[in-house]
Structures are given as structure tokens and as C-alpha cells.
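Pasting a structure below so you can have a look.
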Amino acid sequence: MNKSETAVIIVGGGVIGASIAYYLAKRGQSVTLLERGQLGMEASAAAAGMLGAQSEMEDTGALFQWARLSRSMFPELSGELRELTGIDIGLVREGLLNVALSDVQEEELRARETLQRAAGERAQWLSAAEATGLEPALSGATRGALYLPEDGQVEAPQLAAAFAQAAQVLGAKVQPYAQVQGLLTERSRVIGVMTAAGPRYSDHVVVAAGTWSGQLLAGIGVELPMFPVKGECFSVRTPKPLLKRTLFTPGCYIVPKAGGRLVVGATVVPHSYDRKVSLAGLAELMDRARGMMLSLGDAEWEKAWSGLRPQTADGLPYIGKVTAMEGLYTACGHYRNGILLSPITGKVMADWLLGADGDELASLAPWLDAFSPDVSETTLRGSRGDSALTLAHVRQ
Amino acid sequence: MNKSETAVIIVGGGVIGASIAYYLAKRGQSVTLLERGQLGMEASAAAAGMLGAQSEMEDTGALFQWARLSRSMFPELSGELRELTGIDIGLVREGLLNVALSDVQEEELRARETLQRAAGERAQWLSAAEATGLEPALSGATRGALYLPEDGQVEAPQLAAAFAQAAQVLGAKVQPYAQVQGLLTERSRVIGVMTAAGPRYSDHVVVAAGTWSGQLLAGIGVELPMFPVKGECFSVRTPKPLLKRTLFTPGCYIVPKAGGRLVVGATVVPHSYDRKVSLAGLAELMDRARGMMLSLGDAEWEKAWSGLRPQTADGLPYIGKVTAMEGLYTACGHYRNGILLSPITGKVMADWLLGADGDELASLAPWLDAFSPDVSETTLRGSRGDSALTLAHVRQ
Amino acid sequence: MNKSETAVIIVGGGVIGASIAYYLAKRGQSVTLLERGQLGMEASAAAAGMLGAQSEMEDTGALFQWARLSRSMFPELSGELRELTGIDIGLVREGLLNVALSDVQEEELRARETLQRAAGERAQWLSAAEATGLEPALSGATRGALYLPEDGQVEAPQLAAAFAQAAQVLGAKVQPYAQVQGLLTERSRVIGVMTAAGPRYSDHVVVAAGTWSGQLLAGIGVELPMFPVKGECFSVRTPKPLLKRTLFTPGCYIVPKAGGRLVVGATVVPHSYDRKVSLAGLAELMDRARGMMLSLGDAEWEKAWSGLRPQTADGLPYIGKVTAMEGLYTACGHYRNGILLSPITGKVMADWLLGADGDELASLAPWLDAFSPDVSETTLRGSRGDSALTLAHVRQ
Amino acid sequence: MNKSETAVIIVGGGVIGASIAYYLAKRGQSVTLLERGQLGMEASAAAAGMLGAQSEMEDTGALFQWARLSRSMFPELSGELRELTGIDIGLVREGLLNVALSDVQEEELRARETLQRAAGERAQWLSAAEATGLEPALSGATRGALYLPEDGQVEAPQLAAAFAQAAQVLGAKVQPYAQVQGLLTERSRVIGVMTAAGPRYSDHVVVAAGTWSGQLLAGIGVELPMFPVKGECFSVRTPKPLLKRTLFTPGCYIVPKAGGRLVVGATVVPHSYDRKVSLAGLAELMDRARGMMLSLGDAEWEKAWSGLRPQTADGLPYIGKVTAMEGLYTACGHYRNGILLSPITGKVMADWLLGADGDELASLAPWLDAFSPDVSETTLRGSRGDSALTLAHVRQ
């Protein structure tokens, strides 16, 4: 390995790749992050920044456990990043209301309350009057709401930028406009990456390229079924803040940002490889948001955008070591939860790469198995078409 | 008058002021145009650029006569401006469809067909099948359409810019960021204007400041009742052109621009002094536009904006000499028709200021009376409140 | 006064007007802020946000006393505004280096060190080696630097936005796009303002309209000589932060913002009423900045902008009661120090308007005399031309 | 080949790929253009649009012949594209001045005059007085200029957009956001491309992906040495047009666009894979441009940008059939001349793909040999490093 310029090359400068770079640099590891365009410009830039550990997860399985651990890391992380970079990641911990606008939704949310409480989390069903008491801007159609006081939010673009800057302050090399064309291997070992400007060698390679990870891994025969799910969003401004907490209902959320700004999202367009914001998508979101919140029609239009969320066949991210190829790791497929999961993903990937075998890592073992990128080859053989992506793949 | 730096000062750098400057400079007159901000940035920048001489006018009175004269000037003007400035004003002469989506609308449009033909204009009622034959993207809800082959369109921002640049090429002084605070008078004569940077003297002053004209004139006791009417618009892009002709229905138009761009407008918000684009306004426009045109939902969102149209109490612009004050002229209150009316307004104002008494001006006399800014003082006394603006004022 | 809709109308929604609205609302006063365009869009948006109480003031007179009081208010204010609005004003308290690049500059800065210390402030002359030790990016041309550890910086646009939003949260009415055309008076008393949408009545009016204040006051015969001084700026980005402290040398400053952004300013163009960023202005700033800081040439271009600083004839702001007209106050003419002076200006104006006669206000009396808007009429008679603006006016 | 969805797939939606699609569609060929991002967003969007057939070429070899043929196609093309799409490509045919600012430059330009005339082109040496007579804004440092009346310019972004839109109007499929990951081959034949959304099959594939073409071809073992050369540019605005003709001197050109806009370019940064606009690059360009043109310092700053020009080892583009792989064509490596060469490249590629063997193609044969992508394998073996790129490669 003596030609390695760095211990670890990370491919992808979104919030996941930047978090891994940060936690590695924090522990003194030499690390190089390569991003094909500008840092944090894809799904990380498009995210509304919800930390919806409870609101986004439908059960209390591995992903939920992972999510609540990650959520708990934000307060300390916020201070660290600000100290190193001056960037305020905009952490808000005011909770979230899962709003019911129909009987069916009410039932589902009441069931979720029970589930969340059983898992030891705070969750409280509010009547329409109670919910409107907390958030007077809630629409008259509100049947009630599940109040999740621990779920919060951050400014997603700032978080991605802060991770990347902090990594550099701590010694990482971070290179935008460095497109990785393929992984370099020698026998069954990854030895670096090929870029437009030539080869770059390292002991380890981490693929954290969001929805583009699958194609990079496929180039060396590692098949991780993935597909993009486009989400369209828009934002408006109000003269003074109308909400304290995020509102969330199926098909629509409204996240209150600093200074009266509201981010409204998001459509769900699977297998869309373009980033076009469609008129129909916006019109639909506007209708839903106005159905959930009073006087939103008066708000001032700001802008619309979209992003491609990296989804996997079974809805779980691929995080960890790729056993088929020595030196190769991946962390991708976080779908709608990349912002929320970025701290724990970065930290655990750093533990792993540094050979940690401490208690903490051991304690994560059961969950990490669930995210293993070692999907059964038998199951996936011949499965490159989209149809196969709807089958759950089998983790080894 | 020996301290005059210029024969004419024009207050206002929108499409009207710039057109007057152009026609004056073209005839060798020394002229200075003062604009408080950037040139062409208010209603002129917001306009969709329709040349709707027939589609916008509800009768065949003075304004209609004025409009069709102005429309006929565009082909020659387009060449002149391009020659002088290199700017292409984007003149398109493909006609316009007034689309009926209900029985009532059909009746109104058939009556308009009769009226337009009686006035000697081309106008043709098309069945739904005929209309859809011309424009296959028309919605299935179409009952038919009035085809006005002579109405066209331009790129409004380019027209305003081209007038201002061409005026300069021909010798006019054009100064952006020159805010006029008030008119300077001596006895019953206007002698110039006061700006933030001091007084500027001229023989004549033309107030062409759109919706801000009223307040400037009020400062010297000339009351011209005016109020702004906000219009909100948006644009989308399609991979290839879906329309050749502008579509127009009550409350909504869709103007096809070069390269597959579609401009959709416009809401009507009277007495709005802000330029906020509201979420409700956009949602309403989107619904209307999608009701008139197929597959618009797939189009790619571009942006939203708004402008303040300068409206008068009786819906007619104020154009001409203010007799109460020697040397004072105005050209304002063009409401939705400033782009269309800019050439004739500029040309006739130039005739006037240069003392033309030729046949051409004489022939305009009957119509010009209709636009006279000499409104009856009796009628308007004590009428500064908004309520009075809804009364028709009486032209002398 | 029974037709007053509000106790106080403030004209101008920049950082000064918004601060006054904030401190009035905080103390329960009914207050309406009217802004002709968007909030905080003129000089407040253009400012680099330096809190240069020591670096900007050439002596230790009234303005210096006022500045250091204001500077000391920021830490508490930052928390208050974040609590009320979620907006982080980006307060950084890392100090500032007044850099000497010549012998003459070194002498001046050493003299200033003595002066500042005599005034009880921290200030320390650093040799070139010491300065470069603190800021390794300092150019090799550095002769040394005066280190002012108490001077800091904020994000100016966020400060203006936070004041306006916080005022609203506390009950103030804040209206953008509400242009004030003139002050309404009755005998020798101000009773409100005239806007495009009609009259607005109040017990008190505060004119805080930056460089446009003079013309508004002139409309009722109150002459406060003022003129704009254009400043052009630009910003660049670096992959990781290169500076901790602001660098400042005659004709150029470099302010390090969060995330590796550097704001470079500013040219000084007196009597410029336009906001054009000129190529020559940028080229000159680039040269100066590269002379002060190493490797700035590698930084990534972001954007350029400009603002009009409101300057007065004698360089001191006009703050306080206008005795010639009952009910009239002003707070304008802060030149390059509006951001720094906004908290103390807002707070003291609120004290005044609320009739405070406490010890605190009394203690400010000697300094406040210096800023009195009651300039001698004799001195100023006939002085509307620019030439007179260079004469110091005499405060009564 | 029965699984082919289209006769031809073109990879790359810049001006070259779009031109090929246009000329194929015009002749009725089924064609699909795939672009990984937005259409025309890389080098095509960054270009100043000079049609410098004479000014850019240092000799009268194959590239010059190709360039003057292409230049002659613009007048007709401009009308065709406007007819089909409404887009005005902004063709200006006012000529170009190669300005000499030193004795050495004068000598070189006089030699070029002789060369151009010998080649049958118009070219005329102007004394300083004559040059300044034509363009009064030329700097006093001008020693004279070579006047090339046939060289012109277009609006590069509009040209790229118009080609793509016109192709669609004529039946081509054009898909933005369709990233091609690799070429699909079967034995020694190309059968299509692999995209993120799955395979796409065609009879022929044309790689027209600018500076990214090399890596795509390398993926199937075809080595075409290429490297990007970053160019940084900026634009300013003047109140009225100051130039009619493009000015050109080593290291700097100034292209007058419609409405007083001036585009200034361009730096030359070889082997740069990023698009960062550096402060040093801008400062250098500003100095050069101000040295060539008077009063440029007063112009208003607009914006800065950059692009990556696709350069080849010997400075000649790769255009034509790749003999090693049946069905494979390429058109890339146009360096600074992509806009100028786009019509001829599109037209001749269409001839080729349609099997034309007419006189016209035959007549191009000697020149086309010069652009053949069949570079000698011997020469290039082991040459992936940058060093080899400086060696001229040997065309077969």
C-alpha cells in the first residue's frame, strides 16, 4: 500500500460523505473527500432538515434505533461545528406535530403513540383543540395531532457545509469538482479510485455518493439495488413566524425556519432521474399545505426546488463493509433520512475504519447487520431491471 | 429659460418614458430621462408583452383606436431598434385565441367578433374542433375561441431596454438612479425637477412615472386619481414549443415565448402597493391555466414575479398637456396596455412637444381629448381617498 | 390626536428604524414601521457588519463613546433576537487587526494605541511577526498591526431582519412596500405621514430613512444636510477559513464570515446617487486586498454589490428630537457605522419617545447634544448645493 | 439490431451534440440525444460566441478550412432556427479587430494579414488612427489592428438551446438529466449506452460529451487523449454601446453584445477540472481589458463565470468514425471553437451517419483525415498521465 496518498478516500461530498470525513479527521485519520461537483449540492441541499426520528419511522426496528441515537447527537455536534467553522446549523428542538386530517389518519397516529411510548419515547396525542392551542395556524380540518416533542430540525445545507469545512479545519483534504469515474482494484482489494485527473490511491475507499453509489459499485461487480425518488419542495415567507413546530401529514410537511420562512415538501416521484420541478407537483403541494395550515395563501412566494433521494430495494440504507472487496466500504441509500442519520453514520463509519472494537461498536452490532451492504447474490442475480427493486433483498 | 440644461426632462424610465425619449431623440430634440432606480424595472419588466389591441379592449372607443394604431407600428419599430441597439424585441405576429370555456364566455366572444368586424378588424369565431386544430394543446373544456390573427406579442423587458438604449444612441441623456423628488415651478410654469442631487432645469417636463405619477403631480396641486393594480405571473418551460398563439380567457393568459417558455398571468389585485407574490395568487393562476391547456402540469417551473399596473379612475390613460401648468405634460395610467401603447404614446408626445400641428396630430385629436389629463376639478375635489377612485372622473 | 392609529410611526425599515421599532415594542409601545421597499435592503444589506467601535473612530469623542456603549450591547441582544425569531445574527468577537503597510500607517496606529488605552480600551501594537503569528495569511508587506480584541462583527442583513421580525413578534406593525411621500403637519406639529395609499396618523413620527431622510425633512422645511457615499464590496470563498479576525487598512477591509467566506470592502464614492458597481472600483479593491492578504488570489469569486452610506456635513449622525416641529424625531446619518450603532440608537430613541428621564438618559446627555438634529439655521441658509455640505454645520 | 429504439444515440447535449441531432432530425433520421444535466450548460453556456474563423486560427490548415466553411453557414442557419423555435441566436456580422499593443504583436498581425489574404480571405491592417476611427473606444496604447470583417459572433447559450429545440421540433428525442454511464458493446460493435435508468439501444452512438468524452471512450478501451482548459470570463454593462466590433488581443477579448453588454474573456488554465472563478483570474482579465479599451473602468459589473474547454493533445478536434468499434462515432475536442464549428460538425456528422458519399463529403475528405479519432496506439500506449498529453499524437 505504499503508494497510498491517504488512508481513506471518500467518494461523495454530500452530508453523509462529509460527516464521515469529519469524524475520521477528528480522530486524526488522514482522509480525502472527492466530490464531482460542488459540496453538498444534491439531496443534501434539497432537504428540509427534519430530524424526524419518531415521525418518519413506521416501526421501532433497526432504522428507528439508529435514528434516535443520531438525533441525540445533534446538540453537542451543533456546538462543535460552530466552534470549528463559525457555521450555525440552525438546530431547533421544538418538536413536531403529526397532524390527522381524517379518521383513518387519527387511528394510525394513535397506534403510533402507543408504539412510541412502548419504545420509551415521548409522544402525546392532542385533541384538535389542544393541537390548535399549541399551533394556532393549524387548519380547521385538524382532527388532532400526535405531538413528538423530541423531533427537531436543522438547516440541511448548513449542516453539509459545516461537516465539510470542519473536516478540513481538522486536516482532511476536501476536493470539489473531482469526479470519480471508477474504483481501482487489485485482485480482490480496492486500492483507490480513478478520477478525470488520474488515479488516486488509498488504503480504504468509502462510497457515499447517494443515488449515484449503485453505479459506481456496479462498475466492479458489486450490485446494490438503488433508485432515485424525486422530491419537489417550495418555500414561502411570512412577516412574522406563524409556527413553532414542524407540521407533518401524509404527503406534506411544513417546516418553520428562522425569520418566518416556511419550507413545504415534498412530492414522491420514484425512478425519476431528472430534477425538474413540475407545475403539477407544485400545485398538489400547495393544495395539501393550505389544507393543513390557515392563512398560508397570504404568504410570500420564495422559490421551488427538488432533489433526488437515494432509495434502496428494502428501504434500509447500505452502511458498512463490503466483504467481497477488501478495503471497500459504503454508506448510502438513506432515502429521506440522510440529514437525520448523518452524525451516527459518520461516527460509526469512523469507528469501523479505525478498527474500533470497543463496547460501543459491539452494542451497535445487531442494528448494523440490518444495514449490511452484503446483499444475497442469489436473490439479486439478474435483477438490474426496476422490477427487481420492489423485492426486498436479503441481507446476509 | 436660459438655465435649462435640456429642452425636455422625462420623469420615469419605464417603457412609456423611454419611448417618448426615443421619439424625441429621433427628431433631434435634446432630452433627459430620469429614472429613480434601474431602467424598465417596474411594470415594464413584469409585463407578458401581449399586443392585445383587439383582445384587451371591450369596446371600439378611443382606447381601441389608439391601440390598433400602436400595434401597427411594431414591425417597423422592431427593425429600427435592432439596428440601433442590437436588441431583438422578440416581436411575434401569430395571433391570439380568446378561449371560451363556458356558454357565457362563448356568447361574449361571439358578440365581440361582430363588434371587431364592424370596426374593420379581422376576427373569426372558431369551433372547439377548429381551435384545437390550430392549437392542439387546448384543453378539452374549450367551447370554441375567437381568433384574432393581428394581435401579437413582444418581449416586454427587451422593448423597454431597446427604447432607452436607442434614445441614448440618438443623443438622449438617460440617467438611472436619479430620483425626482418634486417638480419645480415658477409662477404657473414648470421649470424643471428637484432630484436628490439637486435641481435640474428644462423647458418642458413629462411625467411618465407609471403608478407613481399621481403623487408627483399632486405635489404641485395637480390631482390625477390613480391607483396600482398588482398582477402576479409565473413562467414554465417545456422541452419543445406547445403553442404558437397566445391563449386568453377571463382571469388567465398563456403567452408562448421563444424556446418553449410559457408566461402565465395574471392576477388582479387593486390598491395593492406591495409586490408580494402570494401563494394563493399562484395557486389560483395554476388552476386556471391548467383548465385552459393540456399537459401544462408536466411543464418545468421557472419563476414567479409581479408588477403594479397604473390604473386610473375611469380606465383611460392620462396623456397630454396639463393646461394648469405651463410646460407640463404627462403620459401615465396605461394599466395593462403600456407595452402595446408605448409606440403611439411616444410618437404623439414627441409630436406635441415639438409643436407639430400637422395633419397626423389633427387626426388624432378626437381620441386625444379622451385621454386629456385635465380632469374636472369640481368632480375630484376632496377625492383623495380610495372611494373616490371608483367614480368615473369627467374629462374636460 | 384621537385619530392616531398608533403612538409612533417610524419611516424607514433599515437597521436603524427596525431597532427603534424593536426597543419600542419591547417596552409595550404601539408602533408602526413603514418601509418603501423591502425591509433592510439598502445600506443595511450592503454592510460588512463590522463592529468597529475602536477601529472606525479617529478620536474618543461623542461618537466613540456612543459606539463602545453600543458594541457592549450585542452579546445580550444576540440571544434576545435568536429567542424571538430563530435568527442567528452571526456575532463574532474575535477582534480586529488594523494593519500597517507603511511607516506612516505604523505611526498613526501607534498613536491610536496610546489614545485607545488612555480611553480605557484594550489595544495592542503587534510587530509584523506577532501579527503574522495571529493571522498567518497576512501579507509579507505587513509592518505590524494594532490589535483591537473587543471589536467584532455580525451578519448585517440578519441583524436588520431580526430587529424587524422581533418587533413584530412583540406587537409592532411592520409594513414593507409602504412608501412615505411626505410628513403631515398641523400648525407646528407632526401628525402623521402621507403614503401612496393615503394618510397615516400618529402622535410621533421618527424619520430613520438613511440617506433619504434629508429630502423627507426638507419637505416640511427642516434642513439636515446629508449626502450618500457609495461603497462597493465583493465576497469570495475559500475551502477552509483563512482568517479569524477582521483585517483593516486604509481603503480596504477583509471580514471573515462563517464557512470560509470573506467580505472585502469598500470603496468611498461621495455624492453618488447610483448603486452601480464599477469595474474600476472592483479592480482597485482587489489590488488592495491582495496587498494585505496572502493567497487571496486563489479564492473563489462569489459576488459584488454596493450600498449608499448616509453621510452628514460634519460626520456625526442626526439623532433626537427636532425641536422646530412637535412630535418629530430623527435617527439618520450613521455613515459607515449604522450596524454598530443600531442597538444604542434604538434603545435611546425608545427611552426618549417614552418620556424616560431616568439616570441612564441623563448620563447620555452630553453625547446626545453632539448628535442633535437642531442645526443652526443661520449657518445653513442657502446651503442646498453640495459645496455647503463640506462645511461643518453648527449644532445648537 | 432489432432492439434499437433509435437509429442514433448522441451522448452530450452541448452545442456539438445538439447540432448533430438537429442535422440528423432535419434529414428525417430517428435520433435520441442524452444529456446528463441540463442542456447546453457546460462549455456551450460559458462561451463568448465569437465566430473567429480567421482570428482564432494560426495557420490555414485543415482547422481553418473547416472553420471558414462553418462560419459561412450561420446566416442561413440563423433564419432556420428562428423559424423553428422563435429563438434569435444573436448573429452579428460586424467583423473583429485583432489589436496590437506592442511591436511584436504588430509584426505577428501583419504576417497574419499576408497569410489570410493568400488564403483568399478579407483582412486589412489598420493604423492606430484608422483602428480608432472605427472603434473610438480603443485604448491609446493601440499600435494598430488587423481588421477581419468576416468574423462575427452569436449568443452561444441561445445557439445551443436553439439547436436542441429545433431538433425536437423536427422529431428528435432530447432528454436532459439522462446520465450515460458507459457504452454497451457486443463483440466489436457498439449497441447502445448504459444510463442510470437502464440500457438504451441504438444502431449508432455518437460521443459528443466535450471534455468528458475521453473517459467514456476509455471505458471501452478507446484512448483519445483530452484535457480540460478552464477559461474564466466576466461581463459588464454600459449605458450605450461603446463597441461595434469584437476586440481581440493575446490573452483577452471583448465581445460587444446587444444592449451595451460587453463579455470579457478569457483566462487559460490547462488541466483544471474545477470551474472555480478565481480572484486572481478576474483581476488579470480586468487589467488586460482596461489596457485595450478606454473607459471600461466606468462600466457596470454584471457577473463572472467559467467553462472547461475540451482540448486534445495536438489541438485538433476528434471528429468522425472510430474504426476500432463498429457503430461508434465521436465529435469532441473543439477547444475554444465549439460554437464556430458546430454547424459544420453537425452537418458533416449527419452526412456520415446517413451514409452520404456525395461530392460534398468527398470534398471534405482531406480535412476530415486531420480530425480522425483513430490516433496511433503505439504512440499513445502508456500515456494516460498528463505528460503524454503535451506530445502531439499521430493521426493514422
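Letters A, B, C and D mark the chains in the order given here, with residues in each chain numbered from 1 onward.
By our rule, a residue touches a chain if its C-beta (ideal position, glycine included) is under 8 Å from a C-beta of that chain, and two chains touch if they have at least 3 such contacts.
This structure is a prediction, so every number in the text was calculated from the model and none was measured.
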Using the contact definition stated above, find the chains touching both chain C and chain D. A, B
Farthest chain (mean CA position) relative to chain D: C
Cα centroid separation, chain A vs chain B, in Å, comes to 50
On a C-alpha centroid basis, what's the spacing between chain A and chain C, in Å? 41
Would you please write down the residue numbers of chain D that are in contact with two or more other chains? 276
What does chain C use to touch chain D in their complex? 236, 276-280, 282-283, 286-287, 290, 296-301, 303-304
Chain D contact footprint on chain B (complex, rising order): 85-88, 90, 92, 158, 161-162, 165, 168-169, 174, 239-241, 256-260
Which positions of chain C touch chain B when the two form their complex? 176-179, 181, 195-198, 211-212, 215, 228, 271, 273-276, 384-386
